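One chain, chain A, appears in both complexes that follow, with chain B as partner in the first and chain C in the second.
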Partner chain A sequence: MASPAVSRVRRQLPSSPWLFAAPGLIVIGAFVLYPFVSTLVNAFTDRRTLVPGEFVGLANFRELLHDDMFWIGLRNSTLYVLGVVPALVILPLLLALLVQKSIPGITFFRSAFYTPVVASIVVVGLIWVWLLDERGLVNALLETVGVGRIGFLSDQWLLLLSAMAVTVWKGLGYYMIIYLAALGNVPRELHEAAAVDGAGAVRRFLTVTVPAVRSTMVLVAALSSVAAFKVFSEVYLMAGPAGGPAGEDTTLVMLVQRTGTGLTGRVGYASAISVVVFVVTVVLMLLVLRADRREER
Partner chain B sequence: MRISRRTFAAAAVAVVLVPLSACGSGGDDGGSADASGKVEGNITFQTWNLRANFKDYFEGLVADFEKKYPGTDVKWVDQPAEGYADKISADAAGGTLPDVVNVSPDLVAPLAKAGLALDLDKAAPQYRKEYLEGAWASHEIPGMTGTYAFPWYLNTGPLFYNKSLFEKAGLDPDQPPKTYDEVFSAALQIAQKTDGEVATLANVPTIEDFGRYGVPLMNKEGTGFTFNDAKGVELLTKYKELYDAKALDPQALTATPESSGKKFLTEAVAMNPGSALDLGNFKKQAPHLYNNIGITDQITSTGHVNMYVMGVMVNAQTKQKPAAVAFAHYVTDAAHQMSFAKQVAIFPSTAGSLDDPYFTKEDGTDETRVRVAAAESLKNAVNYTPVLFSEQMKVELRNAVARALQGKESPKEALDNAVKACDRLLQQQG
Partner chain C sequence: MSVIEKVRPVESPPAPKRAPRRRLTDENGRRIPGWELALRYLLLLAVLALTVGPFLWQLSTSLKGPTEDIFSSPPKFLPSDPTLHNYERVAETIPVWDYALNSLKVAVANVVTNCVGAALAGYALARLRYRGRRAATLAFVLAMLVPVESIIIAQFTFMRDLGLNNTLVGVLLPGSIASLNVLLMRNAFLNLPYEIEEAAFVDGANVWQRFLRIALPSVKGTIAVVAIFAFMGAWDDFLWPLIVLSDPSKFTLTIGLNYLHGTFANDERLVAAGTIIAVAPLIVLFACLQRYFFRGVGEGAVKG
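Our next item is the complex of A and B:
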């Protein structure tokens, strides 16, 4: 039993859970909460880098509606989600099924598939720019087989597709690891029972594996759709700071960077775009979760 | 005293948020312009990507200054080239701008408007006569009175061309084009003879190209852009012809200086701007190109080449104004600019320095030929980049040019839209 003195001290101290949580709270407050609230507030001001700005109500959002570059950014970020997410939900699962098998040398392939994940995005971007250049390796091969050169880095749509390919290539290993963990939990007996009942490999995949890893697929879809909507590095590195020919490959986050940074940056307007990115991201997550619930029913 | 959970949580939030809320923008207090007084105290000097190659030079410069002015302590910091403007923005907004900062005219303009750059016409007018008139004027801001940085070094790159590619296209390799019209004609010939395999230019026209073509860039008051006039439309129309004929590289719309430099190295492009430093690079990485390299002046139809000006600005809010002004002047005075020019291919902005035999006498090498030619052209060079032309405006112009080259808009429409967008950004800058 605690002595009366100890009890008194305990009563006078604030709750100890708060003290334990304080370091984390301070970090989250400084690097997440404060920037978030600050962005929300700035979105309703005409703040610039060196000028505090004044409250302008919804003016920034009204301006967004008439800004062609905003709609280009929204289109490209949306296309990125549509192009990248299905590939990142399906391909890593197939890859995980392949490398799950215990065959000699499989560790090498597992590592090889994971290598792009740990590689620097800048290095990866530059390598792909060299590969896809008008006189790069890919075009040299295409020319050898008689297809002719393709302007991967000069056509706005091919540029966007190339950037998507890099995102998928770089993300495969990461999502493969998530699927590998999920596949480890699929009961072997289910596969054996299905095989005994005469189900082939494809049937077993569709009726046993997919339902068993469905929640992981939802997780991958949610994670990859949020990441895809916020894409910056791949497009910036491959299409250049201007966002491709005539800025047609600009994504929303690139637009935030371009508008809000530098000595003449329009922080208020860039914050308004960031708020839109946030809202769309939340909506995307809700859509994925809703689709999952509907499936469950 | 008992502290409720709610009170504690509120206090924790306040502890986190209140100090951060102080991180606002710099105020508009330009501080006193008086720089007289004893030169002493600690100051910070920031350069722009110079440590890697000139560490010894700057350490010597700082040590000499501290010896000349006992009681001073200069801390030298260097920032990488990439994101330099963002670094200055963050420092300016956070109130941590160094006392003496290496800047270019376009970086000075917003800092001066925010009251963060010291007006040297008030604080140090006695130094004005030491510099070339045009160089001193390059840090004047339209719409404001005063000069907001000491001019430091100047540069103007030569234009390199591939003699072998010129010869293959039936052009005289010893008579390179000098004006835009000559470049356009040579470029179309090269594209035609090589079946579009070799482009002559790798970059879309920039604001400096418009200037050198003779297009008026801004009105006299500095309140609006004018590069959409008939001359500007003419230039863009000609570039469109080049693009269609593949005389302008198909990847020009997304090119960066690095990517176009690489294309010139691989002999996919016949002409490229550069500096005397590039010669060593050609020799090492592309010996065939080096053996066929031609060097000529920048293309200009106005008789004036473009010059790039670097400056040294004094933070108007520095606590050590006399020391900061003295150091900024020390870095940029004639003796130190001359000694820096001997370390690297740059040119002093101080009056009379370009008449030094170092800039007027050739010794038969390509390096001195480039140096002497550049120094000569700098005597009547113009800084064609408008001081108020921000990064966002560069993007607007570049995108408009790309739309015209792709045929999505006519050159006139594209330039009208670019001027409209740049004028809007100019108004928003205040």
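Our next item is the complex of A and C:
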């Protein structure tokens, strides 16, 4: 691989490879890797936005254990994973099967289903705030069919559920495209053979399609669980900055934002919560990949 | 790591297969029965109503005049007397066009920095031989694995130290060269046949000439993907600008909308008009450049 030509270039322009890589390295060094290290360090200090702070050992983490808001945040972010991930693993797969066959107009449908992915989460959040409003479209329809109005955005649990539904709604098209590419690799012969054997559509889905796209399902589970645990915008927009009634809908990242920013921000404490967020996302990723390996055996 | 490897097979976009056949058959050449076709279209239309319907309802709300009842039950889907009045009013309430301009500035700058920075760094990682290249690659991989949400407070304090909080430059900088894009470009360059560049070298081309004249033109597709996702990412971003911007005159569109929603929450027509202003450019962009959007999903799936 190492060609003599390239090493001669190196002698000609010794600094140029680093010149090429420098802008990228500086940006990720300064704005990703340095903040990461500084988060780890700050988590053990009582630093505030305007006060440098001192080393306090594990005090922040000890405080976390007795902080009700932290447990509420951890509960909500965990519930979010449990609620959103199964839906985002299964529904986009079904959707991909629906748009897989090239019948007339199918490219239009594929693109249309992708529209929510393109829109900003703020736009999506505000659209749904209006749709789920006490006097909004969904309630008007519910009233018309005789169900009566539901306070989607006033009850703490309904709020969380509604936010999850919005996350799923926005993610459907994205994962549909991932599945669509995977479905293209499913050998047709398998389907034909199963059909000849008299397997119905549901059976063929379970015995042919699912095993064939299983690794993609694991990928989607990993991606969506990490994203779900870090949820911020949907809940922030739908429940408000305070996190719904009595803050009961606060998620962990909302707590990080609320605690650590502004002129009075408790940087040290917010960093400790950030470390928890980081550790949990890593653990989630490992769990999903490990579950995958175990099933393969 | 295996996540990244698993994404790789997703290379080709789901190419819409042109089927100029008159009889509708499935992929096995079997004729699709009429009832199945009807059922499929029925389901497709139902999903269409669910995914696009909310946008249309927002559009409809934004076009309804001040005297029209937007809360009626049963709902009225079409405005009885469509008017652009709400778009004028939203501009009187918040400087929505300034916010749009701020978003545009950040998004365009983000496209330029990501395309240039990622192409340069990607080329260095893929093609140039030098000590420390592995360490450099590792740095980008590690940076990609760090969730932004877990370092956002440190980014904020660092921006304050630099005196860049509350500026558009501060909004731009942390994502200005995303490590995912660097790694995408690296893979694109690695997939190019090496012989052409070697031939150019023999002909006396230096490293810049080889980069600009030979390598770069061959990875246009990946650059387009990087550009589109850089634009969309900056235009749609919410958490970081929310943290770094505090002065309403510096707001980007998403932060402005959040502000509008928080301050004038009762006027649904205004918020609707604002959201349509924010989403329309991206829908147009998407309509024009769909295949790059779909390609980016496969290549960038790790971004999650």
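Keep in mind that, in the parts below, the second predicted complex is superposed on the first by the 273 of 297 C-alpha atoms of A that agree within 3 Å, B and C clash if a C-alpha of one lies under 4 Å from a C-alpha of the other, contacts with A are read in each partner's own complex, and residues count from 1 in each chain.
Definition applied: a residue touches a chain if its C-beta (ideal position, glycine included) is under 8 Å from a C-beta of that chain, and two chains touch if they have at least 3 such contacts.
The structure displayed is predicted, hence computed values, not measured ones.
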Fit or clash between chain C and chain B when superposed on chain A: clash
First (chain B), second (chain C), both or neither touched by A:T264: first
Which superposed partner A:A239 touches (first chain B, second chain C, both, neither): first
Touched partner set for A:V51, first chain B, second chain C, both or neither: first
Touching partner for A:L153 - first (chain B), second (chain C), both, neither: first
Contacts of A:W71 with chain B and chain C, given as first, second, both or neither: neither
First, second, both or neither for A:G247, with chain B first and chain C second: first
Touching partner for A:Y174 - first (chain B), second (chain C), both, neither: second
Residue contacts with chain A in the superposition, chain B compared against chain C: C
Intersection of chain A interface sets (partners chain B, chain C): 12, 18, 25, 29-30, 33-34, 47, 49, 129, 133, 135, 240-241, 261-262, 265
Complex contact set, residues of chain B against chain A: 1-3, 5, 8-9, 12-13, 15-17, 20, 24-26, 85-86, 88-89, 92-93, 107, 110-111, 113-114, 116, 250-251, 253-256, 259, 266, 268, 390-392, 395, 398-400, 402-403, 406, 408, 425, 428-430
Contact footprint of chain C on chain A as seen in their complex: 2-3, 5-7, 9-10, 12-13, 16-18, 20-21, 23-25, 27-36, 38-39, 42, 47, 49, 95, 98-99, 101-104, 106-107, 109-116, 118-123, 126-131, 133, 135-137, 139-141, 143-144, 169, 172-174, 177-178, 180-182, 184-185, 188, 191-192, 195, 215-216, 218-219, 222-224, 226-227, 230, 232-233, 237, 240-241, 253, 256-257, 260-262, 265, 267, 270-271, 274-275, 277-278, 281, 285, 289
Chain C residues touching chain A - in the complex, by the definition given at the top: 2-3, 6-7, 9-14, 16-19, 24, 26-28, 32, 37, 40-41, 43-44, 47-48, 50-52, 54-55, 57-58, 61, 71-75, 113, 116-118, 120-121, 123-125, 127-130, 133, 136, 139-140, 142-143, 146-147, 149-158, 160, 173-174, 176-177, 179, 182, 194, 198, 201-202, 206-208, 211, 232, 235-239, 242-243, 246, 253-254, 257-258, 261-262, 268, 271-272, 274-275, 278-279, 282-283, 285-287, 290, 293-294, 297-298, 301-302, 304
Parts of chain A lying in touch with chain B, wherever the complex brings them together: 11-12, 14-15, 18, 22, 25-26, 29-30, 33-34, 46-52, 129, 133-135, 151, 153-154, 159, 239-242, 244-247, 258-259, 261-266
